[in-house]
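Heads up, the next two complexes both have chain A, just with different partners, chain B and then chain C.
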Partner chain A sequence: MRERFASGFDPFVIPFLIGMFFVLGYCLVAMVRVIAQLPKDDRKRFLLSLIKPKYIWMNLRDIFLNCLIHVKLWQRNKVLGYMHSSIAFGWFMLIVLGHLEVMLFVPERIHLFYYPIFFNYFVAETESTVQGSLLMFLMDFFLLMILSGIVLAVIKRFASRIVGMRRTTRLSLMDRVGLYSLWAIFPLRLLAESFTAHISGGSFLTIPANWIFRQFLGNDLNALPTWWAYSIALMVFMCVLPFTRYMHIPAEMLLIPMRNAGIKIRHPRKGFASLEVYSCPGCGVCIDACPMSVQKVNCKDATVYLNRQLRRGDERRIAEISDKCLLCGKCSAVCQVGVQGPELRLAQRERRKYALSPAFAGLDTAALVSAAASGGGPGKVLYFQGCMTRLTPSIRRATTSLLDKADVRWQLMDPDEGLCCGRPLMMAGRTEQARELIAKNREIIRASGCDTLLLSCPICYRVFRDEYALEGVRVVHHSVFFQELIAAGKLQVRHEEGLRLVWHDPCELGRGCGIYEQPRQALAAAGELVEADRHHAESICCGGSLGSLTLSFGQRVPMVRNALDKLTAAAPDQIVTGCPLCLATFVREADRPVRDIAEVLDERS
Partner chain B sequence: MDFGFQLSPSSAVNLDTVDRRRYDALVQLEPDALTCIGCGSCSATCTASPWSGMSVRKVLLGLQRGRDGEVDRMLSACMLCGKCSMVCPRGINTRQLILTLCRLDKNGEVVR
Partner chain C sequence: MTNRQPVIAVIGAGIAGLEAAHQLAALGYKPVLIEKAPVVGGHVAEWNRLFPDMTPAAEVLEPLRARAEGIKTLLNTEISAINRLKDEYNIVLGDGTTLLCQAVLFATGFHLFDASRKEEYGYGIYNRVITNRDLEQWFNTRQDSRIDHPKAVGFVHCVGSRDLKAGNAQCSKVCCITAIKQAIEIKEEFPDAEVYCFYMDLRLFGKKYEDFYIRAQRDYGIHFIRGRVSEVGEAIDGRVVVKAEDTLSGRPVKVTLDLLVLMAGIVCNPDARHYAQQIGVARDEDGFLESRNNLDAITESSRPGVFFAGACTGAKTVPETLAEARSAALAIHLYLSKRA
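Presenting the complex of A and B:
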C-alpha cells in the first residue's frame, strides 16, 4: 500500500470531522451532566463501580451483547434482531477494521480521525498481500451485512407486519432526517469505495461494482463527488444524532454501567431518568405490548411516546401519559434497552402538587395493635386480607378454610376494619403518605409477634415485601404458601381429570415479584393446567389495575375483553388468578367461571 | 307559634351563601361527578370510613352544601385503595375524582 497524497488530506473529510467533533463534544457534555445530576451517594456508588473488576467485566459484556449484538431483540424477533445487530455490529467492525488497516499499512497516519473511515480514498494498492486481501474481504463482508440490514429497515418502515411488528413508531421530523441519512451512509460508502476500487483495491463487492461502473462511465470523475456525498451523509447523521432517537446509541453505553451499579430513578427528569429517556431507541416494541393499545386512541400513550414527550418537555402530554398507564410493567419486560416505563411515570406522578394531602400519622390504631398482640404469637400466621380481599369475601373464606385444613394456626390482621397497605397511594405518587400507613401497619405486625405474614392480594404482597422492611417475618403470597403446603403433604388436593385450568399471572405478582411457577404447580395438583396465549412475563394486564388514574370504567372494558381473549386461547374450563382485583375485573366480562386459586384448591381438599 | 320543632340556626345551610367554586371546578375537570346518584355504595365499602366517616357521596354532597371543613377532613383520610371505583354503579372514576379534588385550592384553581 502506498499513499496517494503526500498531505494525507482532502477537503471532503471536513464535513465528517465537523459531525464527529460535534457529536463527541455533545455526548461528553451530556455524560458529565447526567453524572453530575445524580444524588451524591448514587454518584459515588456509580464511580466506584467503574473501577471494580467485577463491574468492568459485567459492563463490557452487557455493552457488547446488548448494544452490538442486540441479544434481547434476537430472542424476541429474529428478523428485527438481525436487522439491528447487522447494522450495529457491522458498523462497529467497519470502524475497527478501518483502524486495523491504518495501523497495518500507514501507521504514521493513525492520529488522523478520518483516515480509518476514508482509508480507501487515501491509499493505492501496490501489491496484493494475504492480510491485505483478508482485510478487504472482511470490509466488504461487513458492508454487505450492513446493507442487508438497511434493506430490512426500509421494508420495516413501509410494511412493519412483514418483520413481525403490528405497529411501529410514528417518527418525528428529526428522526426522519436521522433515519434517511443513516440509510444513505452505507450505499454511498459502497459507491465511493467502488469508484476507487481499481486504485485502492477491494474485494467481492467493490471490485465487480467498480468494473461495472467503468464499463459505462469510463473515468474517475465520479469518485470525488461520491466521497463528498458519503462524508456529508455522515455529517448530517452525526449532527442530528443528539436530537433524534439515535441518541440511544451513546446513551445506552452509559445506562448499562449505571444500571449494573444499581442506580435507580430518584428524580422525575434529571440524572438516571433523563438517561433512560435518551436510551429509548424508539423501536415501538412497547406499543404492541401495551394492554391499552387494543384501542387505537391509546397507542400514543406507550412508553416510547412518554420518552419522546419527556425530551420535548410537553408537560400536558407528559401528565396525560403518566396518569393513564396501568403500571402493568409489560413495556419494561419487552424493552430490549430496559427502559422502566412504570417507574418513569411514577416519578412524574410524585412530582405533582396538591392543595390537600392526606395524613395518617394521627390515626388511632391502638385497638388493632392490641387485638393483634392478644391473638398472635410465634409460629402463627398473620393473615392480612387487604382492601380488595375484603371486597371479595369468598377468597377470605377459602383461604382461612385451607389454613384450617392444613392445621395452620392463623390470626386475622384486619378482621372488621383495617388500613390500606399503602401501595395504591404509592401508585398515585403519594409516597410520603404511604410511608405513614406503612409505619402504622408495621406496628400492628410487630405487635402480633407472628413470623409469617400471609397475603391474598399481590398488590399488598409487593409493598409488604419491598417496602416494609420486616426482618424476621416471612412475607408470603397465598398461592406460594398453599403450593408449599401441598408439596409438604400437609394439604391434600384432589386431582380432577379433564378440568382445564388457566392461570392468569397478575402484574404485581408476576412481573412485579417474579412469582410464576408456584401457583402453576399448585394448580396442576387440582386439574389440568393449560397456558394462555400470553403468559409469564408477557401476561396481559386484566385492565382493572389501580395503576391507571385516569382510565374510566368504560375505557377499560376493551382491555379486559382482549385480556380474556388471550387467556382463553386454550379453551380452559375455568380462569384462575391470585389477585382479588383481577378476579373482580374479569368476572364482569368473562364467559366462564373466574376463580381465585384459594377457592379452586379449597373445593378439592 | 309552636310547631313542635324548630330549625337550629347554627347548622342550617343557606345555599345562597355557599361558595361552590370548588364543586364547579371539579365538575369542569371531572364531569363524572354529575352522574352520582348518591347510592352510598362507596360509603359502604370505604376503607377509610371507619376511621373518618369518609365517603365520596358525602364529599360531593358536602361540596355542594359548603361544608368545606368536613370535606377536607374526609379527603385527608382517603387511602386511595380504589374500592369505591370498583363498586360504583355509575362507573365513576372516584379515585381520580378525589385526586383532582385534592389538587384544587379554596378558589377552585388547580395548584401548580
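Presenting the complex of A and C:
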C-alpha cells in the first residue's frame, strides 16, 4: 500500500467537491426551512422525537429498510425492487467501504471529502493482503450490483412494460439531466478504476477490464480524463439533484422521522406538505394505480404530477389536479414513499375561494335534538342513515330488519330529516362549514344518550369516527356490527352453497378506515366469498366518489366499467358492497346484481 | 331483376311496423313482420286511452291490425343474427330458419325505463309506488291491489329521462302529456283525491296539449309543483312520503300520498341496438339508432337497405310514428326502385 501522490490532491476532484458542497448546503438549508415552517406544536413534537430512543431506533430502521433496501418496492415488484435497492444500497456500500479503506490505510486523509470516493486514484493497493483483496472484491461486487441496476433502469426507461409497469412518468428536462448523469456515474467509475487497476489494484471486475483495455490502448493516457469525467458526472448529478426528482433521496430521510413523530399536513404548501412533495421519487406507480388513468387524458392528473406542479408552482394545474381527484387513496396505498395524495389535494382545496358559503351555525335543530332525546338511552343503537342511504331505501329497510331480528334496540337519528355528516363539505375544502354541521350533529347524538352510533354509509362512518370526538359512543359501520352479531350467534344467516359473492372494498371503509376483514367474514356466512382482481388496499374506486369536484357522469363511466371489470374477474353471482354510493354507481353499469351487505344478510336470516 | 317480389323484413309489429308493412304491401312488396311478443300492437296495445282526445288505444290499433291481416307475420319470433350480404340481408330467426330480404326496416320501438333503477323513488320497495305503465294496466284491467281509493296521488315526471345519473340525458317527450292525461283520469275516477304533479318543466309541444294542461288545472284542480322529487319514504301506515322542492315558491314541500306514479321515460330497445350493431348501423349519443341525418333522412340509416320507423330513433308520439312508418315505406320503395 502506498500513496501515489504526496500532495493527496489532483484538480479533477474539484468538480466533485463543488457538487458535494452545493448539495449538502442546499439540503441543510431546505431541512432547516421545513422544520421552521412546521406549526409550533408540531415542531416541538418532532424535535423531541429525535432524542427518544424508541424513535431513534424506528427512524434508523425505517430509513435503512425504505431508503436503502426499498422493502415496499420489493413486495410490489421484484424487478423494480432489485433495481432500486441495487443502486441505493450498492452506492451506499461503496461510500461506506470507501471510508473504511481510507480509515484503514490512510487514516490521516479522512478529513478530505474526496478521498473515499477517489481512493483508487490516490492510493495504490495490492490485492495481496487479505484486507486489500477483500475490500477490492467488495468494491467491485457492489459496483457490479449498481451496474446491473443501471441496466434495468435503462430498460425500464425505454420499455417500462418489461419491468411490469404499464405507464411511467414523462420526465422533465432537469429530470433527464439528472437521470443521464446518474446513469453515467457508474460506468465512468468502472472505466476510471479499470484504467488504474494495474497501478492501484482491483478485483474480478476491474482487473480483467484493465487487461482488455491494455491490449489495444497500451498506455495510461486515458486514466486521468476518465477520472475527470467521473468527477464531472458526480458534480452534474449533485448540482441538479435539488431541482430533480432525485431530491426525494435526502427528503425521504427527513420525511420518515417526521412521519414517525406523527406530523400531518397542516398547510397546503409549507412544512410537511412541501416535504412530501419533495419526497416523491417520481416513479409513476401512482399512474397505473389511479382509477382515472383508464382514460389517457387523466394520466397527467396522478399524484406524481401534482407533486411536480407543486414544485413548479403552476397554480392552474395544481387546482385542476386537486379538484379532479376521486380521493380514493389508492396512490397513497401503492406509493413506496407513502406520499399522501388525497391529503395533499384536500389541503389545496382549502385554498379554494367560494363566492357564497352556506351558514349552518344558525340551523334550528331543536326538534331533532328533542326527538333524539325522547327515544334514546344507554344500550340503544342510534342509526344514522345519511343522505345516500336515504336515497337507497332498501338498505335502510334491510339494516333495520336485521337489527330487529337480532333483538337490538335501535332508533333512527334522521327518521324524517337529518343533517349532512359534513364529509362532502370537507372534501370540497369547506372545513369551516363542515365543523358547523359536526357541532350540530354532535349535539343530537349526545342528546340521544345512545352509546352506539351505527352507519350504513362509509362516507359518514369515516367522518363520525375521525372528526366527531364522541368519547363514550362507539361509532360502527353496519358491516362490522352485523359481523359481530353473527359471530356472537345473535344473527343466524343461512349459508347458500354455490352463491358466489364478491366484496367491493369501498374506499372510505377500506383504505380510509382499514376495515377489510369483518365484511368478508360476514359475507362468508351467507355464501361463497370470491375475491376481485384488485382487493383490500388495492381495491379500485367505483368511480362515483364524492371526492371529485369536476368529473362529470360521462367521464366517470369508463372508470365504473373498469372497476366492475376487475371486480367480476372471479365470476361472482352478486357484487356486494357496504357503501350506498358505490352501490348506486355500480348498479348503472353492472351486468349482475349489486347489493348492499345488509340486503344479502337480511335475505338469508 | 327477376319477377320475384322484393322481401322486406319489418322488425317489430307495433304500430310503426303494422302501418309500414301495410303500406309496403300496398306498394307491391312482400313485407314480413317479425315480432318477439305473442301479439301485435306493441306498447299501444298495453295502453288504455291516448292523449290528447282520450281516444281508446284500441280504436287506433284495430284498423292497423285489420289492414295487416294478410301480411306474413311471425309471432313469438326472436332474431338470433343479421348478416349483411352484397346487397341483401340475411336474418337468422330464433327457430333456425333464415329470411333473405332486400331491405330491413327497424320498427323496434322503445323500452320503458326501469324505474327501480331510481331507487330513491322506491319503485319495487314501497308498495304504493307504481309506474305509468302499471297505472295504464289498471285502467285496462281494474286489478291492482296497490290502487285502493287513493285520497292523494302524486305523479313524478322525468323518471329516467333528462337524468345524467340514469345515463339518459334526453327528454322522453311524451311523459309530460301522459302524466296530465293520467292525472285527469285519476281525478275522474276518484274525484275527491288530491292530485300532484312534480315536474322540472312542462314540455307541451303538440296540438291541443296546452289546452289539456290548462283544463287539468282549471277543471280538475290538479296541483302542479315545479321541482324534482328529492326523496320518497314510507310512513308507518304504508303511505308514501314525498319530499320535493317547490322551486317557484323556493320552499321545500312534503306530502303524504296513497299512490305515487313514476313517469318512467323512454329508452331505446336494447334488442334494436344489438341487431344494429351486427350490420354496422351506428347508435347515437342518446342510445337510440342513428339516422342518416335528423332533418330530411330520419327514416334512413347510414347503411343502404336499412330503414327506421318510429321510436327506435327517439321518443315519438303516435301520429309521428304513423307518419314515419308511411315515410319509411316510401323511402324503401324509392330505394328498391332505384336499384331495379
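Everything below uses one rule, namely that the second predicted complex is superposed on the first by the 603 of 605 C-alpha atoms of A that agree within 3 Å, B and C clash if a C-alpha of one lies under 4 Å from a C-alpha of the other, contacts with A are read in each partner's own complex, and residues count from 1 in each chain.
By our rule, a contact is a pair of C-beta atoms (placed from the backbone, for glycine too) under 8 Å apart; a residue touches a chain by one contact, two chains touch by 3 or more.
Being a predicted model, the structure only gives us computed values, none of them experimental.
Because the two structures share chain A, they can be overlaid on it, and in that overlay chain B clashes with chain C. When the two complexes are overlaid on their common chain A, residue A:Pro15 makes contact with neither chain B nor chain C.
Contact with neither chain B nor chain C is seen for A:Pro116 once the two complexes are overlaid on the shared chain. By the touch criterion stated above, A:Gly554 is placed in contact with chain B and with chain C alike. When chain B and chain C are set side by side, the one touching more residues of chain A is B. By the document's definition of touching, both partners, chain B and chain C, reach A:Leu391.
Using the contact criterion defined above for the overlaid structures, shared-chain residue A:Gly341 touches neither chain B nor chain C, since it reaches no partner.
Within the superposed three-chain model, A:Ala584 lies in touch with chain B and with chain C [touch as defined at top].
Using the contact criterion defined above for the overlaid structures, shared-chain residue A:Pro281 touches neither chain B nor chain C, since it reaches no partner.
Taken together, the two complexes place residues 390-391, 416, 552-554, 584 of chain A in contact with chain B and also with chain C.
Residues of chain A touching chain C in their complex: 390-394, 397, 416, 552-554, 557, 584, 587-588. Interface residues of chain C, counted against chain A in their complex, comprise 117, 119-120, 122, 125-126, 164-167, 231-234, 241. Looking at the complex, you find that chain A touches chain B at residues 323, 352-360, 363, 387-388, 390-391, 416-420, 422, 424-425, 427-428, 430, 437, 544, 546, 549-554, 581, 584. Taken together, the chain B residues at the contact with chain A in this complex read 32, 45, 47-48, 50-51, 72, 75-83, 85-88, 91-93, 95-96, 99, 101-106, 111-112.
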